[in-house]
Amino acid sequence: MAHRLGANRYGKAESRVVRIVRDTQRHELHDLNVSTSLRGDFEAAHTTGDQAAVLPTDTQKNTAFAYAKLHGVGSVEDYALALGSRLLDACPAAEAAQVRVEEYGWDRIGDHSFVRRGGSVRTAVVTVGREATHVLSGICDLALLNTTDSEFKGFLKDEFTTLAEADDRVLATSLVARWRHTDTDGIDWNASHEAVRATLLETFAGTYSRALQETLYAMGCAVLDAQPGIAEIRFSAPNLHHFLVDFSGFQIDGLSNEGEVFVAADRPYGLIEAQVTRDDVPPADEAWLAVPGFC
Amino acid sequence: MAHRLGANRYGKAESRVVRIVRDTQRHELHDLNVSTSLRGDFEAAHTTGDQAAVLPTDTQKNTAFAYAKLHGVGSVEDYALALGSRLLDACPAAEAAQVRVEEYGWDRIGDHSFVRRGGSVRTAVVTVGREATHVLSGICDLALLNTTDSEFKGFLKDEFTTLAEADDRVLATSLVARWRHTDTDGIDWNASHEAVRATLLETFAGTYSRALQETLYAMGCAVLDAQPGIAEIRFSAPNLHHFLVDFSGFQIDGLSNEGEVFVAADRPYGLIEAQVTRDDVPPADEAWLAVPGFC
Amino acid sequence: MAHRLGANRYGKAESRVVRIVRDTQRHELHDLNVSTSLRGDFEAAHTTGDQAAVLPTDTQKNTAFAYAKLHGVGSVEDYALALGSRLLDACPAAEAAQVRVEEYGWDRIGDHSFVRRGGSVRTAVVTVGREATHVLSGICDLALLNTTDSEFKGFLKDEFTTLAEADDRVLATSLVARWRHTDTDGIDWNASHEAVRATLLETFAGTYSRALQETLYAMGCAVLDAQPGIAEIRFSAPNLHHFLVDFSGFQIDGLSNEGEVFVAADRPYGLIEAQVTRDDVPPADEAWLAVPGFC
Amino acid sequence: MAHRLGANRYGKAESRVVRIVRDTQRHELHDLNVSTSLRGDFEAAHTTGDQAAVLPTDTQKNTAFAYAKLHGVGSVEDYALALGSRLLDACPAAEAAQVRVEEYGWDRIGDHSFVRRGGSVRTAVVTVGREATHVLSGICDLALLNTTDSEFKGFLKDEFTTLAEADDRVLATSLVARWRHTDTDGIDWNASHEAVRATLLETFAGTYSRALQETLYAMGCAVLDAQPGIAEIRFSAPNLHHFLVDFSGFQIDGLSNEGEVFVAADRPYGLIEAQVTRDDVPPADEAWLAVPGFC
């Protein structure tokens, strides 16, 4: 036969796991979206329909719920490591298990009452292989905006260029960031995540920007500077354009626009993707397999 | 002709108005989604194509942006009142102008830097008519969850009923609430909104629930008790089901489920809509015209 | 107490009911999204937490699935009428049951194989009351576009008007239309729906447009002219703006734009809502209760 | 410094390009969503803020619109090849330009009138490099459903497995498929796409399925068998679960369920990704860079 099965993978996506800790009257809440997948030698399932090596996606889902109790959700990374190890153990044909988790934040309004925080979502992508294990922590839907200290000029121009140079513009993005930890144990995942998030916000707020690229690079460097345990960080960042509204056609007293009124555009948007990498840490392509944004 | 034009309305929906106040180095940011519409005598536009009475939706959009500067956005209600009055003045054929605003919250992370808050969105629906003006303040996407103190039992049963009575269940919703103010001026809209939001949260957290209906009614009563200037409040509240995961099929030590692990379901969901109304205030159907959720 | 419960309603939204008819080897497929709600005297559920009168939303869901078998889905209107009658019978406290259905079309690619059609969705909203029954048939997500024969000029101008008059523009919408039948039985619902859809398309294609309002009115009149059993029709129609791209800044041979290249904008959009009503049929507000788009 | 810029890329995403051909009274319509990106030596933009090598995303957008006129949209592949070549020429620092296009289908209802087809979307991802050019044709949102001839049994079981073996189940997916052409010119792209789509549908309809994996593999083999010019095909296919509704708790005449009533679930869903590759064609990782689904 002139063709063959190539890479393949299967799993259960988007199990909505809610874990309540009710050991005391002051309950805790963890609200997760969990996806698992396995890759390895599943050729027979494709070519002959023989499912003997296939741990069903339904079982993967059951395990995700069970491990929310058996192992708990002290941190999403820790939970994902335990779940990934279990799935790899349970499925001999698998070379690696990947577990992706999104955690939706809730703020407490009572001993057993919560209001959903909204805004950014904490993420983890854990790959447990036969040889190595990788942890990517991350954040998505982190919408950031600077009202000034942003320019864009000195760019390449061709015959299709009409963009005016900008000395002072709004810079806004809805950031996806993922960072790979050099090690996968002995880490206080929650503290580490909180620290990286704080660094990202501080650097975004404190950096004069000559392009979104420069801001992202500064954010990446700041994270690697502050966190010796992080090997690399990757960003996927839309440039959410805010166009100054042109009031020049109106003859109305007081209707000027000194960077005060903008239209927030939906599409198109710029899209910037960039990585910042520590020099002395080997790459780990496997950790990023099938993770959108420079996978 | 045996048929005729009935009710009609037209406008510009979802202008994304961003207003930055940069009077000092500490900038302010207002991020709005503004929709306007006019109703009145626009019959010719429909029947003969004569547009002489029609203020274009493009002009309505321009006015929405211009008023973000000319009038400012001290509060969404105040901005909407000014914009609605202007549109009514500018269009003699209109009987009423309706302005709907959603305001997305941002938290400050620097003098000119912000991170989007997410979570609930503040809303306003203002109707400026020739005779009367109405203000509906509101909130949407307010996701609330109680991990206990919620039951559902004693309900009507028929031959299709399989639901078990529940003594202790998760109660969760993503609330839309809108409330009508008796008056439309002399009000500190921002303080009023903050107070209503606080009452909604406190009451949700503090009420033992025998049904989502009871919780909503308690929330409505609490708001009307606390705010003499509010004539009525209306809720549209999905019952976001959280089903206890059944671990009984597994023979695994420690794998019990005493209200600890739930699956958050997407669809179907319960949908509860209810109004609480002050006895001595006349109704104002016009205020709710074309507002989803018991309009 | 100075306040009281006002209007209220409850039900189960968005049950995804899939019905397969497999009487012969050539299977049939009906793919529905079903929402039911009851209104009536449910005051105790709100004020005292007594659920004795409340038929659970879970039971409503069970009934929706059971009736897909017991009654079948010959047409969505017919199914909704049967389901609404059953719910009203099962719940003595209810004054009326409303059933909303969306039907997703699938095209046959084999005796038991289908590909989802996409595009417009067929809808029905049936209200079964103690006194009267109403049927609204409808269609949503019907995206229509004319590349010419559309103008917009002669409109009202004020100091915020910058829109140029247009002799030849793209006219595009994503239509929601709902129409009320005078009677509720003896109707071939499928044939009726097909005929209305055909009239809407023909009229959109065949009408020179001086505004979207004029086009909608023409479509409404054409439907009422062709279908004596339809009492009224209501439209909610975004004006999906297509802006001519300005190539005038480029000095490139052949780069003109005689109505050939447009940018399809997302937001804002015009929003036109209009009704066309038969003169001699009494109104039926109840039929439109809580149906968005001039409810 | 211990860290450095890694891979990076930038461009303009989701330009909504609408091209009307009006050479005769019978107009043609092409409705596209176009994203472009460049990768290469853009280090200075990140590290020093120097934009001299950066062709602005705004210029990329302008070029996308201009090429809809200058080159036309005979096929999305052909348009993307021309646009990608132009962008690479215009930006000396770039190593490669990637152009992604989605084309939304419209059906004719008049000489200048169209109704949007909905359903599946045709896609193309073209990478124009200094050394090589690659074309991926594709389709997304292709929802397919078999009502029978699908089983799932003989799978691996562990202590968390509760899934019953199924002899006859609904098989449904919303397919994303992308296939790489060995050559990039001399191809009738439209005919090729139509032929692949037909093969995918025929094979889905005609294959008895022992797992979605087997069906996908059969579809991939059928495409490669029929199309010697296609080097490989990749699938990302959710397993859209349809669960048989359990009527066993009801004591109602006629209420059985022999594969007739199902609930269509939203989440979680299985997710199967697989590639089928021609043996004698070298891989081309660059073609798949940053394309989700086994990139």
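Letters A, B, C and D name the chains as they come in the text, with residue numbers starting at 1 for each one.
Note that contacts are C-beta pairs under 8 Å (C-beta built on N, C-alpha and C of every residue); 3 or more make two chains touch, one makes a residue touch a chain.
Since the structure is predicted, the reported quantities are computational estimates derived from the model, not experimental observations.
Chemist: Applying the touch definition from the top, give me the chains sitting in contact with each of chain A and chain D.
Modeler: The shared contacts of chain A and chain D, listed by label, come to B, C.
Chemist: Which chain has its C-alpha centre farthest away from the C-alpha centre of chain C?
Modeler: Taking each chain's C-alpha mean as its centre, the farthest from chain C is A.
Chemist: What whole-number Å value describes the gap between the mean CA coordinates of chain C and chain D?
Modeler: So the centroids are 30 Å from each other.
Chemist: Per the centroid of Cα atoms for each chain, what is the distance between chain B and chain C, given in Å?
Modeler: One centre to the other, that is 23 Å.
Chemist: Can you work out the whole-Å distance between the CA centroids of chain B and chain D?
Modeler: Once rounded, the distance between the two centres reads 38 Å.
Chemist: Touching two or more other chains, which residues of chain C qualify?
Modeler: Each of 15-16, 62, 66, 160, 162, 250, 252, 266-267 in chain C touches at least two other chains.
Chemist: How would one label the connectivity among the chains shown: line, ring, star, complete, or other?
Modeler: If you draw each chain as a dot and join those that touch, every dot ends up joined to every other.
Chemist: Which of the residues in chain C end up touching chain A in this complex?
Modeler: 159-160, 162, 249-252, 266-267
Chemist: What residues of chain C sit close enough to touch chain B in their complex?
Modeler: Against chain B, the touching part of chain C is residues 1-16, 35, 37, 42, 45-59, 61-63, 66, 90-91, 152-158, 160-163, 209-211, 213-214, 216-217, 220-221, 224-225, 232, 234, 238-239, 267-280, 290, 292-295.
Chemist: Spell out the part of chain C that touches chain D in their complex, as residue ranges.
Modeler: 15-22, 27, 29, 31, 62, 65-66, 68-70, 106, 109-110, 112-120, 141-149, 170, 174, 201-202, 204-206, 242, 245, 247, 250, 252, 254-266
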